[in-house]
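Have a look at this one.
Per-chain numbering from 1; labels A, B, C and D assigned in written order.
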């Protein structure tokens, strides 16, 4: 079998050598360990030995030439070559390529772009701005250039940026309504963006509730009378405590059921805007108590004496359009809550009762649910519980 | 592994010693070829010519004795019984190597064989060996520590400090100096004012003797006697093994510092030839025995090469492991 | 130096290796000053572990090209003593890995004698050492400890990374009255390139911009310089102009040139083969924060060797050491920093 | 209760309205227009208004009469009538 005799690597950092002298010629026999040639390396002359017994078949590299490591120097006919082929032929597992610098980094580098500030070349005196100030300016939407033009020459710090931002603000006191509009907008936008809403509507025969209410109110002085809204709040509270999946929060990617039932009651403000403070533990209070608290709540909203906690305590919200408005209201869930019940106005409508067509005061009740927590079947069950309670007001 | 060194030379004992030396010789020669083919990288220090020191010494040391070696350690490791597959895989830097591929030729370790590894710093193992001996002494153990080093280490400060401390505290350490006449490229006479190394050791009041490092039987006998003396509280012993290395100091050495004729002269009285001649003279072996043992040795080496070739690389994700002790699994 | 260069003299350049340039520097020093002599392990008969001193023994004889036993503490101390005694020794420690055996002599004698003696004695000694990893020599033979030595007041530390510096830095070092440690990264010995025939006044006090740039500066030295130049070429193809700053002197650091680069580019990557904790890169980063804080558009990014003993297998060693891929990743990071998230 | 001067009555009713709806500017109220249209008066506001009038003037107001309190003038007329002929 004929073997290639290659220039071996003789050192950690040897890349090539000069073949100075052949010690054998074609036809000569060669023994394992016997020197075949002499090469000149950076370290001096070194004999290179054959690892096989056999006969020199041909000399490939000429004396005096510079040869890289691994280049074929000669060919040897070897009898002993039948033993395991030299390791070179056995495919070594590849060294993981990820480690080697990929030849063309260009593709991986496409996203590298020169920084935007093209002026960084021979920029004139550059106003020192602290990293913290730079970040604060970014947050407040103030461009670095405008920062640089501020008076003085010292370094610009965070407080300078905030002073600048304050001056830039409109002189008039910010209109509170505007701030609330932004707050509502942000919450509703986030709700639309994050919460997969599903909507269900059901018409409810409100006649029994109205009848019951008129009877109740006729037996009590003006100050203790109830309004339709509180019946709905009570019904939703009882339904929420019965079916817990609609009462709680969706946070950190999972539903947290609330232990108590606080009903967020949507109260419209004059001239626009809405707040939904909570009536606490509405499932454990009777209609009389609920009405007093609800009445007090509206009074405080009207006079602007709200307690901050009341805004965040609600575990589910009820909203209605009052006595004149659309028939059906499709509300948006108030995050992080997971459901909201809406009530349109009560209107006289044809309605079949025990096969007879009658005129009845109907209330269009809707529920919007967070599909991450509940689905349509559960929603309609929840709606039916509310409807049944309203149909049997004595249970409220 | 501790058969009786003093008994008369038998065929069985002779062939066993020859087999072990041939395993080392074939391993080293194959490494030269593998280095040429870029399979083995870094530095490579071969012990051709010094096989008798490795085999003879390891034959006379106990399984629980501690061994400290140098960067010319392949013979020590194989004679000590480290599996050839693991040693070859370590030469490749594979995960299955004796040090998970992290050490390479100069850093082969095996705690199960109490083989405390090679050391790339000349003389670096000496202070460590007297520490191991101190632990054995303090724990009243019957084991000893054998420390291999070359004549080059004799010039290091650590040689002086270690021998003095070993003698001062009468520590159970056996100093085995492989004097192969060259410290890398510097002949002994150009490195040492006193070239009788055994005499140097006696200066520290340590029992010292010079041994023919080419005669495996002499080495085995001397090490056995020294080990017994130490085991029975005789304090440190120093054996200067006079030997010679047939190949370069390491890969990339043009051997400008010595003459080819000197190497050839020593090769004629090498450890393998010396034992083979003696066994044949006492007709305890024939040439076919030699051929069989060499074939078996070469086959074992090829199996180890194949094992190393198909072994996996240590994944890069393990790069930072073993810098500190890992919690017991 | 091949024949035709020597014959024509003048500014003709010819192609040499870093190894040959370093050898020529020693030869020129030996010829120029009888007080100069070379001492080290196997520098004579063996021709030098990295063959830098091959042939010098035949040319200058055993008195000035002195092979030593393996006794680093002794012969480095001897170098200090000879310098005190009026000679101009060049001591070769085979590699920085063995210099640890002579650390006491270097720190407690060479670096300290002048100050301790109230300025009476100085130590005009040059110590040359090979340094760095990348040849799979495993943990004990792959250290990069320039940062340690650059910590020591009283020492001058230089790192010639180009063929010109390998050829001309030594004379400046020998002229210095204080001890100078000169580090030659093992990857550089085979580097081949043009050598300017005569460069007057090469100093060892200034860093050098090897590649001007605009968008980021790669601050490095020694064996990492060429990795940075490779990375810079890749970046140029992306339209990113990277400046490459070769420190050349590691103690004292050339703060002025460093800060000039920072002011031009505002984004910094420091590439240092030492381990990150307490490294030269850490010192440089701190000085930039102290002196050019407001020039920074992004935190300084460091590319150092992973904090592990350097492993033997090629793919683990490659993963541990600074390499062009990791440098490019660092550049991406500093360029992306501060852009709108 | 003697009948009251109309001016006196309407100012007292206006005061009541401001009490229950402080967020309404009194000057901006058009007495003739429906409070619901002008200021989104809801059922709670109406109940509060009715309760306040009932307490102020000591008259009982049936639920069915809320519609007569839907504007300021209407409310005053309702109270006037109630006071004139208490039922």
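By definition in this document, a residue touches a chain if its C-beta (ideal position, glycine included) is under 8 Å from a C-beta of that chain, and two chains touch if they have at least 3 such contacts.
Remember, it's a predicted structure, so these values are computed and weren't measured experimentally.
Undergrad: Is the C-beta contact count larger for A-B or for A-C?
TA: Counting C-beta pairs in contact, A-C comes out ahead.
Undergrad: Centroid of chain A to centroid of chain B, CA atoms only: how many Å?
TA: 62
Undergrad: Averaged over CA atoms, how far is the centre of chain B from the centre of chain D? Could you give it in whole Å?
TA: Taking the mean C-alpha position of each chain, the two centres sit 113 Å apart.
Undergrad: Quick one: report the Å distance separating chain A from chain C, using the average Cα coordinate of each chain.
TA: 49
Undergrad: State, to the nearest whole Å, the distance from the C-alpha centre of chain C to the C-alpha centre of chain D.
TA: For chain C versus chain D, the centre distance works out to 96 Å.
Undergrad: For chain C, give me the residues that contact two or more of the other chains.
TA: Residue numbers touching two or more other chains: 47, 135-137, 314-315, 319.
Undergrad: Find every residue in chain A that makes contact with two or more other chains and list them.
TA: In chain A, the residues touching two or more other chains are 12-13, 43-44, 95-96, 99.
Undergrad: Using the touch definition from the top, which residues of chain D touch two or more other chains?
TA: As it turns out, chain D has no residue touching two or more other chains.
Undergrad: How is the touch graph of the chains shaped: line, ring, star, complete or other?
TA: Drawn as a graph, the chains match no named shape, so other.
Undergrad: Pull out all the chain pairs that touch, please.
TA: Those chain pairs satisfying the definition are A-B, A-C, A-D, B-C.
Undergrad: Spell out the residues on chain C that touch chain B in their complex, using ranges where they run on.
TA: These residues of chain C touch chain B: 41-42, 45-47, 67, 69-74, 97-98, 101, 135-141, 306-309, 311-316, 319-320.
Undergrad: Residues of chain A touching chain D in their complex?
TA: Residue list for chain A touching chain D: 214, 217-218, 221-223, 225, 227-229, 268-271, 294-295, 298-299, 302-304, 322-324.
Undergrad: Name, in rising order, each residue of chain A that touches chain B in their complex.
TA: 6, 8-14, 32-33, 41, 43-46, 49, 51, 69-70, 83-84, 86-88, 90, 92-93, 95-96, 98-99
Undergrad: What part of chain B is in contact with chain A in the complex they form?
TA: 29, 32-39, 41-43, 251-256, 298-299, 302, 305-306, 309-310, 312-313, 315-316
Undergrad: Show which residues of chain B lie in contact with chain C when the two form their complex.
TA: Listed in rising order, the residues of chain B that touch chain C are 41-43, 93-94, 101-104, 106-107, 119-124, 152-153, 155-157, 183-186, 190-192, 253-254, 256-257, 313-314, 316, 319-320, 323.
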